[in-house]
């Protein structure tokens, strides 16, 4: 791997990190979102506040990042408060948490997320996955949710086999609100290894916003199980910068447990 | 109360008055010494068919030695609250202990998924947050609590939640039923002989788990005098009358860590992850770390060893906030 | 949701989505210096007609200096959550600030009773526990929480609770509506300039009050560096983003005490109790301790004096647990 | 006041203290119940556990008792836990609190308690009182509640003007349970300045169990607004013992702020 090469994971993490606003309270999922949050904190968002489902708020994690770490001392280092799961989800429900960052097994046109089963029969699934974890709360309660997902055809499906966490449901206006979900919430961006998506305000359909520099729109669409809307002006997504890669590789994950590329 | 939608997942509720009657007669109000070996605590308080809950996670301050003892004693037909679990469901399922799981997070590794795919383990769908909320309802002695999560998902369909119209603001809202585990397992940094227990650092819901559970077993890194407890009552996470047994279990979270005392054993987790790919490898793992050792002490002595214990202790350099 | 019984007391609920929209735009996520004089905090965040809540009590860790400033600024038509109040309702009513009270405990002394008897102050009946529960509901962002208290009483009849049939266990249960105060007032031992606040000792519901309230004013005995906060995150009772103003108010609870720092002023309470028998005496009390002094500093200087401050500090010999 | 004389308050406190079981978790109301609890703790019930509505559990209060003290350091001294109001009422609702000790403005035949108003019209009360405080929770949730009340005709009424806290309601079998209140709870004893009452298991009516030594049944009945049942065997209630009075007067309340008798 030369100086400008990068792994898919590195690009996903950098994309995701760039979406994290300075000064936002951000609910962080397990794994890649943790790395993205630390990266954002060290670059453009020193004032972003990490929020974890077990109750830690405002941590400044120690690096190098230790694989598996979440509730441990390195990840919770120098928090402003250690609360509990019920307290922190209550704060999300109150509307205090600006963003959530999540992974997904499948995502569909309307941003519904599946992390439970693949297969048509719930009782005889082809594949069982871990389930919601805290994802349902995050996608239900946080104002804007970023989904970070590898760009694979099997992950982008017309309709998810199981709605673990609610996107825009069937896409009809006000569908979330009619169901009782908090108003004006839902998936906001989908950051993949090739592209960036949002959701159309009116139709609630996934819309392609940008493509990784060097790739074509077709390169992304051919690896999707449905055709998204395409923004009239497409952003060219910059690959990871040297500074981003330096922080990822030297400060955060020198063992490359999450960012990958150790074998190159 | 008009129910707009009701999940079809398997669950049961404890009648609040039956729960109260249990708490009245079975929870000891006197301060008595509850210290006992893990084998005795599990023998006394964990029965086949029990609903079991734990706190906090596999990686951090989890009651791993108690889980191993349950497997060692070959309990069966347990239902497990996987509210923040990564390895426990796999271990229990592979050990033949498990009938079903409230998910939460089912766990890491292919094996537990395979058990579910093959219908060998039942599952009811929830979320980490609603499982914590169900414990809070159980801790409050009310039959349900409301939440705006779960709505409009298949997770709700396969849960035991009900959707009703809120009689105050008029919008649909989900009600999750209380859970009152037969047994709650909580590992803590410090506890006195009566069960006054202190957790340091963030956690999922140690107090809710202890309050909601009919029986609570505490495993503790250290046993401290009650005089220390009375000098800093705000540090008491769980008061003694919620506790049925106190097990002295230094390094009781291994391969997970206990904040401020020792780091998790990442190498062991990789070994577990590798074993969690198929049943034979997991059987060998169970044999090595559980069946072939008689107790947690023997596990530490024969399977971990002093060098690794000291290394993990040395790695725990961050002490701030954990006292 | 079939309502079996509904209380007729005056109350209002905040739509959970309107509350969320407020929390989204009005609660500052950035860590900014929020320290300001009490006069400014009250001028900015307490409006005529507001619903005001406080924590903990008149005798212990109550925000007495903030209450006095509200009276000094002659706010009117306030509604007060008397969840553990002894003197505040009398002071506010006598100062002409009060339209109504959620009881809880109405307060000590004849005068506040007289105001109610004469219909000058409205009352909705609750209980200390259900008021705390309403704050918890408000803090959770749900429109109600269930309880087995209140049932079958006139307290319920004159409250805003509703009785429904629990859809899980089938028994009648009371639902109390969330309360989201316009302003929450919490006095603490320590706070940083951003609002990360620490209460030591037992309290009624400081976190619930701060979470439920649209605006939270903290008054604090001491301002500490954020570095101290980050070294012991478990000690943070209220995180900064819930807080709108930080008022540095040493001896801010007087005549009540602050645990570990100074005892309550029992002689002053006797003076208050004596004044609380009739309006003229209370008018004189208000004049002496509130209107005739421009600020809390002047109150301490001109009305209490250093000898009494030191004596009350000396009496606070019990320090255990308050740090 | 000579060595064997005692105030009404002292007798009420001693009666109440004698009812507190060793090893019980006891919810303590403001004022006299606090003194009774300390007295019990120093005599026959060293293992009783004081529980306060603001969340303190297991305190060993410092004496002398300072008037007004409740949440302060002297009253909360050496607790085993400091929780919060929601937590402690949750524990009561769970069935963990054995006894409650309360005052009352009025009490009726079925043990219903009024501490809200006197008068027939709620909106134009003759007298307004402080209201429930935590009394409604205590009488709803604790297993057995002791009511401590001065023996005055105006306090013992056929039917309270306002049910602040629920006794046995209209006395019909299962009335509390039908309303949804926790099973097998309710008022257990009424300790007055002259007598001790319980409640008949079948009719749920107040029943006279004992009379202060030296008083007759008529002495007590004539100061009641209704006639209670009378137990077939009446207990003769012992006056405060020398040891009880010593502890009250020397250790707990030397200023006699609560126990009275300072002017004698």
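Chains: A, B, C and D, in written order; residue numbering restarts at 1 for each.
Convention: a residue touches a chain if its C-beta (ideal position, glycine included) is under 8 Å from a C-beta of that chain, and two chains touch if they have at least 3 such contacts.
Because the structure is predicted, anything quoted here is derived from the model rather than measured.
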>> By that same contact rule, can you tell me which chains touch subunit A and subunit B alike?
In response: C
> Of the other chains, whose C-alpha centre is the longest way from the centre of subunit A?
Replying inline: D
>> Just the number, please: Cα centre separation of subunit B and subunit D in whole Å.
In response: 40
>> How many angstrom lie between the centres of subunit B and subunit C, each centre taken as the mean Cα position?
In response: 37
> Between subunit C and subunit D, what's the gap in Å when you average each chain's C-alpha atoms?
Replying inline: 28
> For subunit A, what residues touch not just one other chain but two or more?
Replying inline: 56, 76, 78-79, 82-83, 93, 182
> What are the residues of subunit B that contact at least two other chains?
Replying inline: 16, 141-142, 147-148, 171, 173, 201-202, 207, 230-231, 233-234, 320-321
>> Thinking of each chain as a vertex joined to the chains it touches, would you call that graph a line, ring, star, complete, or other?
In response: other
> Tell me, which pairs of chains are in touch?
Replying inline: A-B, A-C, B-C, B-D, C-D
>> Give the list of subunit D residues in touch with subunit B in this complex.
In response: 23-25, 47, 49, 56-58, 60, 76, 78-83, 87, 90-91, 93-96, 98, 143, 177, 182-184
> Across the complex, what residues on subunit C touch subunit B?
Replying inline: 1-3, 13, 15-16, 141-148, 162, 164-169, 171, 173, 175, 177-178, 200-202, 230-234, 320-321
>> Under the stated contact criterion, what part of subunit C meets subunit D in this complex?
In response: 56-57, 59-61, 83-84, 103-108, 113-114, 116-117, 119, 123, 125-130, 132-133, 136, 147-155, 158, 163, 171-174, 201-205, 207-208, 257, 259-260, 263-264, 266, 269, 316, 318, 320-322
> For the complex, which residues does subunit C have touching subunit A?
Replying inline: 16-17, 19-24, 27, 29-31, 139-142, 196, 207, 211, 226, 229-231, 233-234, 236, 239-242
> Where on subunit D is subunit C touching in the complex?
Replying inline: 52-56, 62, 66-74, 76-79, 82-86, 89, 93, 116, 122-137, 140-141, 162-166, 169, 175-176, 178-182
